[in-house]
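Consider the two complexes below, in which chain A is the common component and chain B and chain C are the respective partners.
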Partner chain A sequence: MKTGALRKLPTRPASSASGMSQGKFPETKGTTREYSRFWLTVVLLLWAMPCPAAPDSGQHQDVAQLNAWCLRCHGMSTMQYLDPTSGQSRNLHVDSAKFALSDHGRQACVTCHRNQLTDLPHPPATSVHHSCGDCHRGEKLIQRMRLVGITAQFNKSVHLQRNVPGFDCFSCHNPHESRLEDIARPEADVVQRDNGICSKCHGTLETNAGKHAVIPKASLHLKAVRCLDCHTPRPGSVIHAIEPAARAERTCEACHSRNSILLTKLYKYRLHESEQRAGFINGVVLSDYYVIGMTRHPFLDALGILGMGGALLGVLLHGAGRWLAMRRRTNHES
Partner chain B sequence: MNAGDKVNRTIKQKKFLIGLVTLAVVAWLAKAWFYPLFFEEYTGVVNAPLTYASSKALTDREINNLADDLTQSYRAKRAREMVPDEGNTFIERIRRERAMELKSVRDGSPYPHIKYFRQAGINLYEGPSTCLRCHANMHLTNVKGEIVKVNTLDDVVDTVHFRFQKNSRGFSTFGFDGREVNGEEALINIPMGKIDRACGLPGSFSWTGWAELVKSKPESAKGEVVMRSEGCGQCHIGGNYHPATEKMMPIGDVPESAKQGIDCLVCHADIYDMNQRVVIEDSHGRRWNQDRSLRSALTVGKPKVDSCLNCHQHNLGGDAFEGNRAAKNLGNINERFVHEGAKRATPFSPATDVHSAAGMNCLDCHTPQGHKIPRGLQGVDLVANDLPEKPVSCEGCHTASPHLRDVKNRAILNGHVARLACETCHIKELADYSVVLRDWIYPIWDKKEGIYSYVDIYQSGKPGKGMTYLWFNGNGTFLANALGDNPTGDNRYNPLMNQLVKIDDPDVLAAIRKAAEKLKETYPDINVDQYVQEVANPLSPFTPEQIESRRQWVEEKIRPLMRKGISRITPFKLFNARMYEDMGNQGLFGAMILPFDYASYYETGDPIKSVKIAIKSPIVRRMYEEPFKLYMMDSFMTYFGVKTWSTDYPLTANDELKHVEKHWMRQMASLMVNHGIKKEGRECRDCHTEQGILDFDKLGYSPERAKELRHLPELENKTK
Partner chain C sequence: MNPETVMKKKVLLYPLWVRLWHWSNALFFILLLVSGISLHFADPHTPFIPFAMARVIHNLSGLCLTAGFLLFVVNNWRSGNSRHYRPVRRLWLNRIMKQADFYSRGIFLGKHHPFPPTWEQKFNPLQQLTYLVIMYLVLPTVIVTGFMLWVPEWAPNRILGMDGFWPAAVMHYLIAVALGIFFIGHVYLVTVGETLTSQLKKMVTGWEDISLHEENDHERR
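Right after this comes the complex of A and B.
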């Protein structure tokens, strides 16, 4: 595939890579031919790197400059058009700040988008990658195993089974923004973000309220859990195997029970999150139980101590009263 | 003892009750009877029953003739549309006569009210009372999407078209003190709108220049005096002797007689005779006449483009605009003036606007809610907005991806939407007669109209000259300066210290010099160099210290407002005027502008005398008194960036002006331009070259970025 893309480019004349190798931006007054040379150099340079590349800082600078060239246009937040076939807006915008922070932020745009980018505005550029696995394969065994697992789940998903045209990893995961850290964000954020992905094609809460009428307080549910949590099979973490609506989770106790399916899904990172928030003792050992002194709130602690002291005092006074009364009675009788 | 107490208590209760009732009655009497009397006495405004000569009862036979006539003229119009001109009048006539007999044309019932009036036995149009016989209530869809029933008259009276001001929130304007006009931080809400603003363009308040009769001596009349009409009232739907002044006060309402003066037909009649819109005088005072003929009334329906343009072409598109219908019907008596120079010269006509050419109605974009008409979420001026929540925007129809045709460039064109308003490319320029600089101080004789007229020392609609490009986030300052900031800039962009306070274009300076030299022929005292300097640098009255504190003020109070929201580069029409100002009430951004009395200004060409007459008007006197100061003027001045309103009346007992000086406004106003839209937008090279229309440096880009934006490699390759 990669070699195919390479072949489309014109052959490279000798010693033309000056702009790039000196870490400078290419001369903007170049002819189309010079552009071709430039891009060829870039591609060759990137080709020489392992994929995904872990460039050193010098290369990183080059990549940043190279990407800045693309982001001149693709950084425009409204760079989009109405696609005549679908009638939907097709967004060509890459948020440069988010891209820089993303896991792919050190990649050059042309690593993935390759053909005919020389004459601007260029014709639609196709990405040479359609799945995460295209790049992520020469890594650690464990990561590779995970990817194999995800691929297997994904192949079972309703989107693939029903041959939704053009459906690939990037239909849901924006490679320009994705960050591994984001999977452990606060639940509310995760719900909003993940449901946002589904609603891009399936409509919003409002448009889907009717279909979810079977759920009590549907709108609250739709805000508090992810679509995925019900629309993937139990048990286990199989969120990439999205099932048809007919097979969605419909029993209340699946979630509303001690052994909630959410523990393996939405709440998977809760322990981790709670440790980060409250520390190991309070967050992990004590979980959500409250013990005076293991404070989270000094006022509550004070109140607790006051309550306990008060109860103790009450018991003592009561006991003392009983004892005095008994003594008086005994004295009287005697 | 107990019984006596009880009796006492009952008596006390009774006394209290009687007292309460008396108080209520007195309060009601005071509000209904004494207050209006007191109000009229205090403000000097007049109310009286309004009658109109055109409101005549017709006999059945006359009505039948009129109905036939209207129907025939409608059919003739249809036939004219069906049969195009082909150069042979005979053939055209024959074909059109046949077309008028077509069943589809004959069956068309353009004016359903002919039938309704016959059914209701109406043979006289008396104004709102006639309309309200059937339309006492109406249904409208409110902001929440609910259908509600409202009282029609109340709905109209509450519109800006009638009251010209609102004392509620909903202005997109901010004071120079950093607070939103009538916003959350406002101490008290004050009436704001056209009603209480002297505008540099008409040169007057709506009270001092509501309905004026001017003795003109036009060339055509060969020295004879011809009475002419002038004043703000010509464009407003109220027919009273003064604007809806009562609505400005915390209590009270306009009297029923004034409500009956509302001109329903100017908006709703298909055939409205603008020749009737002239000033008339009766025993109570002067007011604007209306067409209340049955002929007009029978043609009522929903407002059409021409209905809006009856008024909204007056100085928006410019009276001088050749397509202005109203300017061709100036009056049967007391003709109105045709003013040269337009506020923003973006006429809405098929030749000048793509939406007009497409046959669109004003209300397609300005979708009304009852009688309230939205003006959109954006605005730089203090014109009140009836529906501040309701957008009027290009995106409403054109989506956020408006460019469809040019497949190669559509994405990059749409990309520009993030930084540019649609108008930036799709209004290439304004008409030449857009007035940029207007001097009221040195009037000269206008032979054609036969009056002394203010002088437009510079008119232009060209980018970089009469039109400029500013960052705009939808808001404006108290003196109509666009607010917005370069999202990538670091405080480099500062129009209140740069673009709007300096004229440095050599062509413009040369034109100003030429105009000054011409003025010198009439006013030999003028020092041309000084004149040019005063116009080109409106901050010249300030000392360097004052300019420095103004710069700091902008950074401290205005910069946060500029940073709000999303800013886009947007075209604005520039405007400045020189008028007399009360220097007792001045700040770093301007001083209180004093109005002119139209009649004496036009007749004598003596602006000082004219100012004296105007400020003797009772309501201006009241402005300089304590109650008005506390009620609104203090608040008004804080928006101006001045702590309090000085009640030091600028006229001495000897009839001399004091602390009054002539000045240009300290910064040019920037007026929004949204009409006159062209289908073809601008090309890349119109902006991204050294000679481009956008001054990227002044727009706050860093020198490196500005250079990049002026030299797009794509463009430079193509030229090779």
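Right after this comes the complex of A and C.
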């Protein structure tokens, strides 16, 4: 979504382009006239160019003022709407502070919510964008390809396959709060945030701990890994293709091994740090966890193998030496 | 004096509770070692023991070994068996060196054990040092770190900017390696008795031929 689209462009005079070609500018000396034409061309070109992506302070002010008008009501934590058809209340609250810091914080509310917003209550379907792709389709090729991949995964997800009513990108990704940079936050925060999204529909940590009783120390596991890490295909980072519970990962070794699936999921964005923490393999997790079977130290592993192997070799050699010495003594005596 | 001519007496040096503890401890130790190796080197493609099963074996064996250890400490103190664990301070280093010399040279030359077992001291100096460290330092540490791994809430939250769990995990692993090395040495040393199986027999029957000659009595402290 380009912020430049919000800028109010001045109305282009109908005669501006043709005026220059018709020579309506005052006649001056050759060089002055050429300079004038050059600068006029520059000005006209700049004027005709699309707005830059980074908005100026004036535009910020416009957006802020525009949004403040919406947030006067929607900024209230109690802002709700009782849907007369379903009888359910809908939360219409937008956290102003989180929105300002979010990736969409520089957007005006009306960029997405357009229809007759001056009427109260607003008419239904005031949101014109129904998926991330509606805005993000025009960006770089690699991002477009990624979005195509995510869409394909999303279409395979159990939520779509089972036609969960109203399920879309925004069921999980809150456009008013999402921040790409959040992926760099400590894993414990990421897990808490992501599992909180699932918990909105699938129950609290406590109720889910009961459902996951097959996992040892279920509540600890649910605090340490994301629901997505087990409830999406493996291996790989296809975390939008959420699978039915029956297909969830149940093999302990999937995570508790050197090539843990967590490295392609939860720890995907930190993989480059994996060998850089105190020499541990997958040492990135040491900031939050030590995962048995996954967090290993090559030196300590080698020490263990060499130590026990050396002991075995030592006693074999000692035993062989004793046997040879005994044979020699026996031969000598006989 | 020729050890062949020394008078010997058969005594019950390993009472029933010691033998029961020893063999149950051996069983749980082997289970812990095998399941522990499987857990640490877990691989979904070539599982040594499936992780879920290895975890149960490891936890139950650890619990049993801990119970056995506590019973050992109490019984050792109450029965007087602890006398074998009290270090012989007299010429301590010399005695250790003498025993080490026997294992590295004397045993190949067919010499007799420098410190045969007696009623007061069934261990040779190296054995005593090893068992003392194993029973009263290494085993308690591996038990404590093992419980920290079992109940991670007991581990400190942070250590050196990392999760507080990792020192326990690393220490548990290193001690396990040390115990593995000890186990290999221990099993091998079973064969260095008067015959290949004499040491094994005494740990099954409990009876030991001890020397009655004063010069061989190395329990004096």
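Here, the second predicted complex is superposed on the first by the 200 of 334 C-alpha atoms of A that agree within 3 Å, B and C clash if a C-alpha of one lies under 4 Å from a C-alpha of the other, contacts with A are read in each partner's own complex, and residues count from 1 in each chain.
The working rule: a contact is a pair of C-beta atoms (placed from the backbone, for glycine too) under 8 Å apart; a residue touches a chain by one contact, two chains touch by 3 or more.
The structure presented is a predicted model; accordingly, all values stated were derived computationally and were not measured.
By the touch criterion stated above, A:179 is placed in contact with neither chain B nor chain C.
When the two complexes are overlaid on their common chain A, residue A:297 makes contact with chain C while staying clear of chain B.
Shared-chain residue A:325: touches chain C; no touch with chain B. In the superposed model, A:247 makes contact with neither chain B nor chain C. Once the two complexes are overlaid on the shared chain, A:137 sits clear of chain B and of chain C alike. When the two complexes are superposed, the chain touching more residues of chain A, out of chain B and chain C, is C.
Look at A:79: by the touch rule set out above, it reaches chain B but stays clear of chain C.
For the contact definition in use here, the chain B contact set and the chain C contact set of chain A share no residue.
If you check the complex, the residues on chain B that touch chain A are 399-401, 403-404, 408-412, 414-419, 711, 713-714, 716-717, 720. The part of chain A that touches chain B in the complex is made up of residues 28-32, 73, 76-82, 89, 92-93, 120-121, 123.
The touching residues of chain A, counted against chain C in their complex, run 216-217, 220, 251-254, 256-259, 277-278, 285-290, 292-293, 295-297, 300-301, 303-304, 307-308, 310-312, 315, 318-319, 321-322, 325-326, 329.
Those residues of chain C that touch chain A in the shared complex are 39-44, 47, 50-52, 55, 103, 107-110, 149, 152-153, 161-163, 165-166, 169-170, 173-174, 176-178, 180-181, 184-185, 188, 191-192.
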